[in-house]
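Across the two complexes that follow, subunit A remains constant while its partner is subunit B and subsequently subunit C.
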Partner chain A sequence: MRQLRSTLASWEGFLLAVLVLIYLVNALNSAVFLTVGNQINMFQLSVEKIIVALVMTFVIINGEIDLSVASVMGLAACAFGWLVQAGVPGAAAVAIALAIGFLCGAFNAFFIVWFGIPSLVVTLATMIAFRGFARILVEDRGISDFPAWFDRLGQGGFIGPVPFAMVLFAVLAVLAYLLLQRTAFGRKVYFIGANRAVAEYSGLDVKMVKAKIFIASGVVSALAGLLFAARVGAVRGDIASGFELDVITMVLLGGVSIFGGAGTMSGTILAILIVLSMRNGMALQNITGHIQTGVLGVLLILSVMVPIIRETGSRMLARTR
Partner chain B sequence: MKHITVSTLALCAALYGVAANAQAVTADKGGAADMVLLPKFLGILPFDQANRGAEEAHAELGNTGTLLYTGPTPENSVAGQIEILTTAGSQGQDVVMLSNNAGDQIGPAAEAAQTAGTKVVTWDSPIPSGQGETVFVAQVDFGSIGVVMADMAHSVMGGEGEFAVLSATPDAANQNAWIAAMEEALKDPKYANMKLVDTVYGDDQSEVSYNRALALVDSHPNLKLIMSPTTVGIQASAKAMQDEGLCDKVKVSGLGLPAEMVSYTMNGCAPEFALWSFVDLGYLTYYTSYMLATGKIKGEIGETFTAGRMGDYTIEEDPGRAGAKRILMGPFTVYNKDNVEAEAK
Partner chain C sequence: MTPVLVMRDISKSFGGTTALSAFSLTLEPGRIHALVGENGAGKSTLIKTMTGIYQPDSGEIVIDDRPVTFRGTADAQRAGVAAIYQEPMVFPDLSVAENIFISHQDRPKLINWTTMNDEAAAMIARLGVTLDPRRAAAELTLAEQQTVEIARAISLNVRVLIMDEPSASLSDHEVKRLFGIARALRDQGVAVLYISHRLEEIFALADTVTVMRDGKHISTRPVQEVTQASMIAEMVGRDMAGRFAREPSRDTGERLLNVSNLSRSGAFHDVSFHVNRGEIVCFSGLVGARRTDVGLALFGVEPADSGLVELGGQAVVIANPKQAQALGIAYVSEDRRKLGLAMTEGIAANITLPMLGKYAGAFGWLDRMRELADATAFRKQLNIKAANLTVPVGTLSGGNQQKVMLAKWLNTKPRLLIVDEPTRGIDVGAKAEVHQILRSLAAEGVAVVIISSDLPEVLSLADRVLVMREGRIVGEFAGDAATDEAVMRLAVAAEVA
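Coming up: the complex of A and B.
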């Protein structure tokens, strides 16, 4: 009983309660909401963003930020389109696009880790630069006509009606959970995020951990960009632009501290489910994009406010005792 | 079944008080079709006008279903359109009327919607590949827009000098087709002394277009005209030239809304521009979609139907897109000092 109460009092418990509430309200408001087809659509429409949110959780807990994820997605997708159009076989183009993601991540890591430039600055610059490269590659046209097997990865069912990207998300979510919460690497990520100086004094390989995270962020973003290209069957220079904010919103809503050191993978996953089901529910109620964006903004403010209010509250309680 | 159709036709003819056309199919009033009008994004006048036309047709036809006007935000246009189209399929809407801003990226979603039983009728801007599209309601023949733009440029510039194009988004299928048509028209020896020096994109956002227009003037000192085939771009360009006092040197022309352009036409910044009626486009799109949803037409080439007050239209092959079908609305009007004030009211 006590354990149940402490679970509910935790941020994850709160998110879970919110999620259940949203599912209830949506199911009561729309007969369509709980259908398998709609649930799949709901995930598929944002599957690329939620895959990136998994790796963004590592980045932010580590006390950093990566604003370039959406531009890496765009660059990888455009590079893929450009290569396919130039006659490169699809599988090779996928490999090269992933390698580009690796290089983008390594480029970010180089300046952040070895030059000590704040990640906010470095990734803001590369957000613009990588997007620029994407636009140069495909110029002002759209590229489509990808290999059929590639389009099928994004569009049809892979296991039954469940598309490939969703299966991949499920696998990555489990791996990300295990890596962050159950391994020595995961504990280092928290420790460095909580106090970098102490971590360095205690002999932790801070630079290596950070470099790995940024490179992973690049590769996973490139993968997400490819999945997006497969889902929509075409690329152009502005593909996936602006996605970084949605990704970061989900992670912060999940209770990950923007200052690093705190948060959990299950929090992020719950926040993903909340954002997706809320958006889908509003869309089914025919609520326009402007209001949806507004509601998500309010949600994000609340997610930052509630922990602060709770902490102040418990401190006041402690004082009165 | 045939009897029913014949008697309905007769009834319609009696209601309208006209003789039934042998070929043109007329709509049955009072059907039930849930329809979604999906613009590129919310918040600009032409789309609201199209919605007015759709609402007019909705009331006229006594549709007992719903007409929903919804769209994404400008920053989220591509993903937003895909999301709304997908959701419409889940909701079991009968038709989505789409002004496509996502290029071919919306093709798979349109196809999925069709599979779910939702027809996709495009208007204003089609799906370039035609994937998942039932039919495209074209405002005017894309080729003739090119000639009209070339002619306006000729008339404003006195037949010689440099001009540039300020378009919408780089992948807007309609603008790209019009610019290509204009470049084709410019090959005529009549336009030999006119030179198209640049094509830039203002993303159909006022501020971006405004800045791009000023950048054009800076990078091309001999520029005499900015041709903008988008209502957002032409207004922003005209305002930019007016604000900077450049109207004597650089004129603006293109496709604009009389209500937004009247002051610039009267003060000489944009002496000539052209457009068709977006209200009519919404009205015709609604009629087409309603008749598709109620099964009066199938969306096949050669079918002719009566679209209320606008008369008869026929589904034909789209000359610009292999394998795709269109309904051509046409024609459009060139506005100048003499007629713009009357239209702007």
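Coming up: the complex of A and C.
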């Protein structure tokens, strides 16, 4: 009983309760909601963002931010399209696009880690710069003659009706969970985010950890960009624009502290499910995308406020004691 | 003369520690009143109470025969009480004049720059110095910034000015100028409360001296009636009953650490000492004597510029904490919150942090059972009181946090343990426990270096006492030969009376 109460009192417990509630309401309101087709559709529409949200969880718990993820997605996708159009074999183009993601991440890491420039500033700049490169490569014309195997990867079922990107998300989610919560690397991520000086005094390789995270962020974003290109079957210079905010929203909603050091991978995953099922449920009720976005905004503010309200409450209680 | 401010029987405690106990002080206009006391005597608490940062638990503050309550610094400012500190607090991007008038919210919204600059220049002139009111505060020297702070206080019609160690970072020339300012204020009828560790300054400047110790008022006398020796005796005089017992030394005589002529520019110079296995060596001195910087250099946080460090007979270079740790050096910081522990993370995770590699298997997979087992052993050994080992460290009491910090570094199995202020801000019971832990470590052959501003602690623990002043080692005592007065005399640089 006490176990149950402490689970519910935690942020993850609260998110779980919200998620169950949303599923119940949606299921009652729409016969379609729980069908396999709708559930797959629900994930598929945002699968690229939720993959990036996994790595963004590491970034934010580490006390940093990466605003350039959507631009890296766009750049990798555009580079792929440009290469394919230039006659480069599909597999090689994929490899080069991923390498570009690596370089983008390394570029961010270089300025953040070795020059100590705040990641907010560096990734704001590279958000603009990487997007610029993407537009230079592809402009507004759009490229869509990809190899057939590539299109199939994004559009068909991979295991039964479940598409490749969803399977990949599931695998990555498990790996990300294990890496963050069960390994020495994950432990370092938390401590560096909670108190960098303590981490340095304890002999942790703070710079190395940060560099690895930003590089991973670049590679995973490039991967997500490729998946996006495969799903829509075309690329354009503005592909994936503005995705970074959706990604960060999901992570913060998951209870990850914007100041670093706190949050869990299960929180992020639950928040992802909440956002997706809420949007899907509203769409099934014919509520427009703009209103959906507004509701999400309110949700995010509430998610940031609830812990603060709870803390102030307990502090006031402590004072009256 | 009618006093401007009277503090009557002020008491203030934090948790179980009493910082001020029935403390009384009377400040008269046109007098410079010096306040002296050891580190931790309660001076800071007193200032914070006078300026409204803290509210007293009991007792009253009287201004012009009327009892007042300060709910915050703004209340104190309105009543004419202001304080300046060792590190001036100015807005670097604003001009001198803007800094001076920053608190004048009652002025019209539109700023007349000419008037403001003229008035600022007038304020500064009252202090007997010159300073261009248009200059940006960031360009000023520390001493000039202090002048701006004092001018700001004057602009608010200050009647009581508290100067807390104002000379600590100043050159001799600047100190003279500061004295001139203090005297100018006195002659204009301001009551100045001057706090300094430098006893010679007190004789040069003060009219009256108050000595405080352990939160209590000890004496208030005209400066003519005191000597350095009498002040020191009153600052350190303690009941023998309050002392911790000494224990026989476990010094093995086998030299572990040898430091020769270690220097870091701007911090410490030509520091030479050695520590044997099993020996406890204490660094004594006043706050600001740069003892911590020596510790940080040995731990590689801020490496020394020159000098030689030998560990176990071999010359070593320590460029960062990781290297220090690999050499078997551990450093327990005085600042638990900023440098010691990650308060939001669990106890066990904090303890194992420096040794994560030991618990990591393939792919970095953590053996959490082993972590918990080791943390449990420390919990038992050091008597850490906590609901369980996963609760955030921040929820523990100061004493238990201190023990977690010790556990964290003992887990690295150090040969040399440097502990900075091992018992600051923890209660008496936990203090005795920490002392026992440090003694038993020495008994196991660890070389222990303790940096402590707590003289009774030093005298009870040390096999040898090294006294530092202004970045240099100025004296050394065998532990059983050291006395409060002898150590304090060296620490404050008083000539032997």
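Points worth noting:
FYI, the second predicted complex is superposed on the first by the 321 of 321 C-alpha atoms of A that agree within 3 Å, B and C clash if a C-alpha of one lies under 4 Å from a C-alpha of the other, contacts with A are read in each partner's own complex, and residues count from 1 in each chain.
We take it that a contact is a pair of C-beta atoms (placed from the backbone, for glycine too) under 8 Å apart; a residue touches a chain by one contact, two chains touch by 3 or more.
Source: prediction; values computed, not measured.
Placing subunit B and subunit C on a common subunit A by superposition gives a fit, with no clash between them. When both complexes are overlaid on chain A, the residue A:85 reaches neither subunit B nor subunit C.
Between subunit B and subunit C, B touches the greater number of residues of subunit A. With both structures placed on the common chain, the touch criterion links A:242 to subunit B but leaves subunit C unconnected.
In the superposition on chain A, A:205 makes contact with subunit C only, while subunit B stays out of contact range. In the superposition on chain A, contact of A:188 is made with subunit C only, not with subunit B.
In the superposed model, A:233 lies in contact with subunit B only, and not with subunit C. Closest contact between subunit B and subunit C, by C-alpha atoms in the overlaid model: 34 Å.
For subunit A in complex with subunit C, the residues that touch the partner chain are 182-185, 187-188, 190-191, 194-195, 197-205, 261-262. Of all residues in subunit B, only 41-42, 68, 70-73, 75-76, 78-80, 82-84, 86-87, 89-92, 102-109, 112, 116, 128-129, 131, 169-171, 201 touch subunit A in the complex they form.
The residues of subunit C lying in touch with subunit A in their complex are 299, 301, 320-322, 324-325, 331, 333, 338-345, 349, 353-354, 356-357, 359-360, 363-366, 368, 408. If you check the complex, the residues on subunit A that touch subunit B are 30, 32, 35, 37-38, 41, 45, 139-142, 144, 151, 154-155, 231-239, 242, 279-280, 283-284, 286, 288-290, 293.
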